[in-house]
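What follows is subunit A paired twice: with subunit B in the first complex and subunit C in the second.
Now for the complex of A and B:
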């Protein structure tokens, strides 16, 4: 199921100089803001929860997910170099699964790790807030990577669609329309995080059973469908 | 023995027909797929390589379906036309990765790099390669698993004459070894120098098939048109039309020239200077007016 060669190629493409800069910029920004906030306002649980929820989980994790998920396959399909993977006796679902693992790992490293660091800076993990949001980021990384990998497989405009989903649906729509929150990776991951955190600062609009089922279903379906799409991927000619 | 069979294959994109009911069989040896730009060669090669589903018809390799059958790639090596290829890797890393995806190791990669004579630059990043070097590394990646069918889409594009000769030698060798090699080209001379057998595609249709010499003769025997200017056009016209190699002459007053249609290419080219000399006429311009590949091809389609 997992092909180390495909993984190596994907890592090297994802962590190439330009993309690595973008991937690194957001986490650095989060940590810098956390340092400033802590310096100005001192340790405060509510502030920590607001910042980790509003900036880290609602904005940074999906954006990193878009970059890693679509970037794991989109550029190869766009420029046609995916032909070197497809002209091999390697199962298409293996290619997708491997790329998913890489995208998940990259999203986790660039979103969950900085979330944990920022949490400790903000309030020293009081009320388990840092750990709870880190768990949320880890869980969300899996679902986002799967969703955006699928998007990168089916659309040439995956980054745009991905950002629209991440910023408009998750961040804006989700905060205005309550129904939208049920269908939000962010809320599902918060439901998991709620179990980890002490107190009422980490909450979700979705119950844990629903959230877990939806997370699993979305991840599995997106991965399966991406594998199917890759099986019948058409490489348009130059003509 | 590897045989690629294309059976009544058509492919359309929306309401544009790119490939129209083509049937051909590609056997061992070197086959040239010849046709002008936009004729549907790439579409056809993409279907042969399993990267595009035929709208109707089937593409099979020794009886096995090519589309949606990744196992088939154990037998197929592909050299795509597109340039993109993991530029951040070195040539060696790229070929090793291709070998690994076939379940092979660095040894197979090294052998393939030696075959295309790229060992000297194997540790440089692909991004720094010239077009010819890229082409050779692509070739190495296609050869790494010793395939019995090799598909190359416009492999000579952008190569300098020396690189072109090297690649031709290599492909000839592959054909001699009994592999099935198919390459596409829109340049007659390339196909002439390399292919044992050619398939001509024009406007999505299969225009001609067979031995190169036969098709070449068909091409040279077609009516040729020339624009001729001389010191005495009318006297020259009278002398030329007397010979059966000329089928028609028009005196073009605005151009101040003769438009000559010759039916026997060999005979006409010998006749023209002789007639001019015998009549003391000076030839000022002799230029073929329909030597474009498109006109050659459209003649073939009609033939």
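Now for the complex of A and C:
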């Protein structure tokens, strides 16, 4: 199911040249802000939870997920070089699975690790806040990567749709319509994090059983359907 | 095989030029200004998907509708309830809808420049009478105009609705004018930032992600820091922190000089002196993005 050559090529496509720069700039910014906040406000659990929840989990993880998830396959389909990959005797679901693993790994490294570091800088993991949000970022990485990888195979405008989901649906509608929160990767991962963290600072609108089931279903379905899409991929010309 | 011909043959001896009827062009030459205008109008139309495929019309049109619908709803509510004032001020509207504006600029800025880079059509443009400055100006003006249409249309809806609801004419006109100045600044600033980022990469998807990352992360960081500064009671620093993201920059300018209520935490906008700094930074950023674009396109080979 895992093809090392495809994985190597995907890593090179994702982290080559300037791409690694923007992927690296976001975590660095988060850590820099944490240092500033710690200097300004001192160690405060509420502040730490706000910063990690509002900036790290709500903004940074989805954006890195979009870049990694769609970047793992989108550009190849876009410029047509995916035919060279598809013409090799490698199963299409294997290609998708490998690219998913790479996308998950990249998202985790660039979002969960800085979240943990930022959490420790902000309040030294008091009340398990840093660990809880790191777990949330890890879980969210898997679901986002699978979801955005699927978008990458479905549409040429995958990045835009991914961002619309992450920023408009989760952030805007999620804050206005409470029903929208049930259908949000962010809330599902928060439900898992709520279980890890003790204290009332990490909360979610979704129960843990629902969240776990939805997370697994979304990840598996998205990966399976992406494999199906790749099996019947037609290369259209530029619009 | 002209080189291999014997040298002894007298030149012009057996050669003959056949006139096969090619004619030179002697119609009007439309020149540089015309080319620049065409590039401008094509880019502006392209920013709304006009003259492109149906698929590429969907997103800009959808965002345009999403921008205008809340304004229409507000007007309907104001007319129905016979309110004395609009629920949202003209200057506040763009701040509220910033997610939509960011998405629009992120999707259309790469559309305007990245594809030229990717398909290597930029040298073709420069083989025409236009020069670097013309290309940059046309693209910048087109995107800024598209942004202005996007942000000014809902204000127009609000204004017309306010007049229909028989709100005070002078008051509403003043607010409308202030709103227009504010969104004009916003359009120039956002278009500049978007184009500078998009002109670095030939990959459209990557350009979109980069633009949106710069806009949302900077806003997220600034508003978080402001909220913390507000909670700490160090309200003086709120205004200075606001200088570091485009949308708070516009917010600061309009609450200092255009009579807007600040969206900063605590509702305290910058003072007049600080407002001057905001204006200088905003204009400086616009000039800087123009300068960077000029530098980017100086090298013709690209």
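Keep in mind that, in the parts below, the second predicted complex is superposed on the first by the 236 of 239 C-alpha atoms of A that agree within 3 Å, B and C clash if a C-alpha of one lies under 4 Å from a C-alpha of the other, contacts with A are read in each partner's own complex, and residues count from 1 in each chain.
Everything that follows uses one rule, which is that a residue touches a chain if its C-beta (ideal position, glycine included) is under 8 Å from a C-beta of that chain, and two chains touch if they have at least 3 such contacts.
Everything numeric in this text was worked out from a predicted model, so none of it was measured.
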{"item": "Combined model on subunit A: subunit C and subunit B, fit or clash", "value": "fit"}
{"item": "Subunit B versus subunit C as contact partner of A:139, first or second or both or neither", "value": "neither"}
{"item": "Subunit B versus subunit C as contact partner of A:122, first or second or both or neither", "value": "neither"}
{"item": "Subunit B versus subunit C as contact partner of A:71, first or second or both or neither", "value": "second"}
{"item": "Subunit B versus subunit C as contact partner of A:159, first or second or both or neither", "value": "second"}
{"item": "Chain touching more of subunit A, residue-wise (subunit B, subunit C)", "value": "C"}
{"item": "Touching partner for A:96 - first (subunit B), second (subunit C), both, neither", "value": "neither"}
{"item": "Touched partner set for A:81, first subunit B, second subunit C, both or neither", "value": "first"}
{"item": "First (subunit B), second (subunit C), both or neither touched by A:147", "value": "neither"}
{"item": "Which of subunit B and subunit C A:232 touches, first, second, both or neither", "value": "first"}
{"item": "Inter-chain angle, subunit B to subunit C through the CA centre of subunit A, in degrees rounded to a multiple of 10", "value": "70"}
{"item": "Subunit C versus subunit B - closest C-alpha approach in the superposed model, Å", "value": "6"}
{"item": "Common ground on subunit A, meaning residues reached by subunit C in one complex and by subunit B in the other", "value": "238-239"}
{"item": "Residues of subunit A touching subunit C in the complex", "value": "18-19, 22, 26, 29, 33, 36-37, 40-41, 47, 50-51, 54-55, 58-60, 63, 66-67, 70-71, 74-75, 78, 156-160, 163-164, 167-168, 171-172, 238-239"}
{"item": "Interface residues, subunit A side, partner subunit B - complex", "value": "3-6, 8-9, 12-13, 16, 79-81, 83-92, 231-239"}
{"item": "Residue ranges of subunit C touching subunit A (in the complex, touch as defined)", "value": "52-53, 55-56, 59, 99-100, 102-103, 106-107, 119, 200-201, 203-206, 208-210, 212-213, 216-217, 220-221, 224-225, 227-229, 231-232, 234"}
{"item": "Residues of subunit B touching subunit A in the complex", "value": "18, 37-38, 40-43, 45-46, 49-53, 68, 70-74, 76-78, 80-82, 84-86, 88-89, 97-98, 100-103, 141"}
